[in-house]
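This is the structure I have questions about; it appears just below.
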């Protein structure tokens, strides 16, 4: 079982992107940050009580599924869209969604384009080997717009082609657009068009057939969402654990009973996640929130109580 | 032998030279290969050039059809001066046949094609006529049955005979030979020399670099001895072999004849 | 000469053969090179094989250590049959030394290493011992001072002497020579023949393909004459040279001796 | 004596048996490894629920391809996408081969030039390009050179041609009624030219007189075709490239991906071909030139009739292997978005379908047969052209 | 009455045919065509050289921390300076790069020891081929002897390029030898296995092999067994160059005269003895130039690993080119990479030509 392997190794091998700011990105010293990175860190915190016990394998879009299938990595957390085909025919299981996204378009402001319907005749750059390629084709076909597709091997190079003016439009998931925009020399000169042309629920993926492992990765995320809902954050978690009388909070933090047992984990698994990684809101704000270079609004990725779609099953 | 006698007679009458070297000098870089060559060949004359290796024999006869350029002096062939003028060079090359030490047949063409190439492309002879002429010369060098083979399939002696026939096909007025037998096995030398003697008997003007002294004695009108880029002595074979004037010539002859 | 006489004596006594060809036939593809060879060599005997080019001499002696395979008949060497059995071949090759026309020394090894290679790897002799033995044989072929040079630095005659010493280092019971002097300049032939004569005097069993008739007369116990893949005549040198039985032999001798 | 011979003939000492045993072992090992891998593959495919087979080729591809020589839309099948990609590979290879040969011949001759400066320049070209990785050169052309061209709005304009970072745009001819007449005129002119050449050859054989048939026939074709167009009243309209909102629209376009791959492939391979050409020409003995000259042949004729035919024999074999390299190297186009075989099949198709074995196998098969046919040609040619010797 | 022959003195050639003037005239102005070529070349030089010098040297900026510092309008070499460490070592932790340097120095020292007479060459080779790789691997990867562990995904830059090239060529040598021997074997099955392997590999582009290594190999391994991507790529590269190596070595084997094989046989050496002691030492020496050329080819081909997501020198440059602080420095990056590759490959090709010349004379002496 994957959990035993991971425990034996002493770390989780986590497949991430080759660099999407806010999602998974390494700095010069090789330290990884991002929402996708934190999903793996949460699982590590749950298992080892130490969020640092993760090793990262940067993967291109093309390699990611084979890397997971072959066991080279334990979790694939690489802004991967949950689709029917992928879930059913690639030998993979999607855990849950840690970011609700949708594909959009980025253009230079000085083009004067207001909506995607104005894109007739434009040249569009995108990365090879993603659902983006297909959604883009569907969108232009549906609206009977003509376009010139430039499909580049790597996201970085697609962005470079866009930046150099090879294309008018860069298309990928909106979160990715925002992340990539932050990499441009003058982010303010580019705008993301209002249309969202697809549903792109992104989340960590594991191999098909190991339910225990899938549960750990899934629930590590649910814990973070529940924590936000309950107002528990990395700052106050110690205090709340000590003081809270709310049975659901006490259950979650392992102050009462042993919820971790069913997953093969310790009772303080959730506590460790929140203490080391933080709740979902913290993760969001830290990595992609309005105060980061990526600068995304919470939008649909808000709690259901705040008008978003984040609705995690209760820990009970 | 009538032709030969006629030629000799003309020589004595001081008839106009067909090849005329006046004070010719040539350098390879800093190296002075030909020094003040003054020398003429009359129509029908047969000249044998000999001398030690590196003395400039090849260089001299290669100047005659401008495979080499001289830098000083004048060379007249058939009254035409050798200079940068391409037309002149072309005219002269048409009239001067040359046979090399290493045959230099064209290996990608059959014997017949080797022979007809120049007549067709240079003399604009109709193909049929060129082929007839080629067969004629091949018969003369006794090799007509090999016409459709490739040079690589022939022995050295046969190849050299083809080379001679190729030169003749352009109906030249002068034939130059540069050590035509020195790359051949001993058995084959004779068959080539026989062809050359036959040619000499027909009155062709010939300049021949060779160390075959028997050949020189038989056919040469004059033997020219070169050393260190100079013509040391030029004389009839009789005088040259029996009564050499220069000590250098004597030394050379003693070496070559004792061998 | 005592050894030699002893050997001859044994020969006369009809001692057991060390090499025995019985009805051996060999083909190269369709071409029948060896035809019904029946022939034996006694211990200590010196055989000279001669015959025109292409008659199968080399092929025959190369069958003795199975550099060539025969297809019919039987070859016994030292009582061991030549067949696909690798053990047999190995044993025989240890016991049979061979010297080639083109020396075939190993150019990347020094003379000493050339000599010690087989003793060390095949006979498993300790290196030191092998080197001592090698020096011994090098002295015998009068070339000990060259031990540390490479073959490329030696003259042809010296190389061939090294090749003989290399063969001897395996302490063979039989030595085969395939035209050992024919790739050498005339001055060098003698130095090699001298070594071979010395070897013969010491009673080594030798089979030697050569056209050196002087050598044959001096040392051979029997001369074998081959033509067209057959043994035409085998006789003592005395009989062979002075009183050849076959006209083919006579013709061959007349050619080779007049040369 | 005979007893001795029968001893120690154990089974393993027999050379034939040993060879047989060894080969059997090898065969078993190869098959075992093969079976093991196949077994793993099947197990893996099954546990991961990956389907196998080539049925995916009939399914709609759903993705666009930038360059397609035959009709192609997103609704077409993966199979058609494969054909489109294959054609793109073939086109870039063929054009690359033609260009590389031209460059190689020019540079090879330049390196042999008597002119010191020309020879040095050619050497610098050859030694520079040969020693820098092709992928780097492609990146250089694509990301540094072509990306530095102006934006479509500021296109460089030569008459009806436009040049910008989206490509080279030229007028696109479209044919109107009456084109038949022009086409017919063209074919008649060609027929006339051929007849002229045949006649000239015959006459030359008979009388030895030369007629400049090649130049004349080019003239005939040109004049004939133009005449045809005039008679038909110029039945061609050119759709001119026009600046549109984003791009230049209309006209024919060579996109930068294509240009970068083509330029990089042909200049790189050209450098290798130059060396081959040089070596080939040098391999022809100088005596051949002298012999030809002394027969009175002009230098141009000497080159054409004597030197080149002989040099070609030496040049062709290594040249074919360069062609082969070029075809294989065209796969690097995948790195700069040129939609060739590797990019479309091993890239997008593999990713959308997950059929790694099938797609990679298909690609290797294509390259394999390409190589095989080129080397067959080479062997045939070598046999045909080898000099006949004794 | 003989006349003494005194050769007349050699005169210096006329001024018009020697010296600088003559040289210039012969090389540049000997004919109208030649004059045209000269002018054309000069024009090309005029077009290329001054702007290049202007850009690369005169207007260049050498210092700075972002593109903004490059105001002179020429090359922005500051970019290379800032990223230099990454180009050399990839993301190898800065504090640990001494390990890479140490391994390199060690290798250079070991190779230099071939020049010392007293040291046994065979022993040295064994150390370089068997001991050194282990030491180097421990140094690179760490995790032992108190060395901090560095993951292979962080290996990159010129370090990775060199590693791929050197390991590829060294590992492919023994494999190539076996394949070459197999291809020359007269056992039909051995021969055909080798031929099929060699020809298949040579027929397909390296990129397909790399894709196989990175995507397909995992599918062929049993569940749970998998190895590092670097290792998989190394296997791919090794198999690829082994096929080419085999052909080079086969050429060497064919060049060894038949007599050498026969002499070895006649001495009673077994097949493997005669190969290792007699034939291969000669054949390998003969094909050193061919091996070096294969190495040059492989060294250039290592750039393809970038396509399967490894960051060698070219990959690091490509990545750095996308840094928002340095947009517009692509040409500088490529120029730098081009220069590094060129210097290494050109140097090696000169070396192989020198070896070829040396081998040539060696043969004449024989």
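For reference, chains read A, B, C, D and E in written order, and residue numbers begin at 1 within each chain.
Keep in mind that, in the parts below, contacts are C-beta pairs under 8 Å (C-beta built on N, C-alpha and C of every residue); 3 or more make two chains touch, one makes a residue touch a chain.
Chain identities (UniProt): B, C = Glutamine transport ATP-binding protein GlnQ; D = Putative glutamine ABC transporter permease protein GlnM; E = Inner membrane amino-acid ABC transporter permease protein YhdY.
Since the structure is predicted, the reported quantities are computational estimates derived from the model, not experimental observations.
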### Task
Note the shortest touch-path length, in steps, from chain A to chain E.
1
### Task
Indicate the lowest number of steps between chain A and chain B, counting one step per move to a touching chain.
2
### Centroid comparison with chain D (C-alpha atoms), farthest chain
C
### Message
On a CA-centroid basis, which chain has its centre farthest from chain A's?
### Response
B
### Message
Measuring from CA centroids, which chain ends up nearest the centre of the complete protein set?
### Response
E
### Task
Based on C-beta pairs in contact, work out which chain pair has the most and send it over.
D-E
### Task
Report, in whole Å, the distance between the mean C-alpha point of chain B and the mean C-alpha point of chain D.
50
### Query
Taking each chain's centre as the mean position of its Cα atoms, how many Å separate chain D from chain E?
26
### Summary
In whole angstrom, the CA-centroid distance of chain C from chain D equals 59
## Note on the structure
Expected list for chain D, residues touching two or more other chains, is 44, 47, 143, 147, 334-335, 350, 356
### Query
What positions in chain E touch 2 or more of the other chains?
215, 219, 221, 223, 307, 318, 321
### Summary
Contacting chain pairs, sorted by label, are A-D, A-E, B-D, B-E, C-D, C-E, D-E
### Touching residues on chain D, where the partner in the complex is chain E
19, 22-23, 26-27, 30, 37, 40-41, 43-45, 47, 113-118, 121, 127-128, 130-137, 139-140, 143-144, 147-148, 328-329, 331-332, 334-335, 342, 346, 350, 356-357, 360, 363-364, 367-368, 370-372
### Query
How about chain B: which of its residues touch chain D in the complex?
65, 67, 90, 93-94, 96-98, 100, 102, 104-108, 117-118, 120-130, 149-150, 152-154, 166-167, 170, 176
### Residue ranges of chain B in contact with chain E within the complex
25, 27, 29-32, 35-36, 71-72, 227-230, 232, 244-250
## Note on the structure
As the complex stands, chain E meets chain A at residues 67, 86, 91, 93-94, 151, 153-154, 214-215, 218-219, 221, 223-226, 229, 307-309, 318-319, 321-322, 324-325, 327
#### Entry: chain D residues touching chain B - in the complex, by the definition given at the top
204-210, 285, 287-288, 290-298, 301, 305-306, 309-310, 313, 387-390
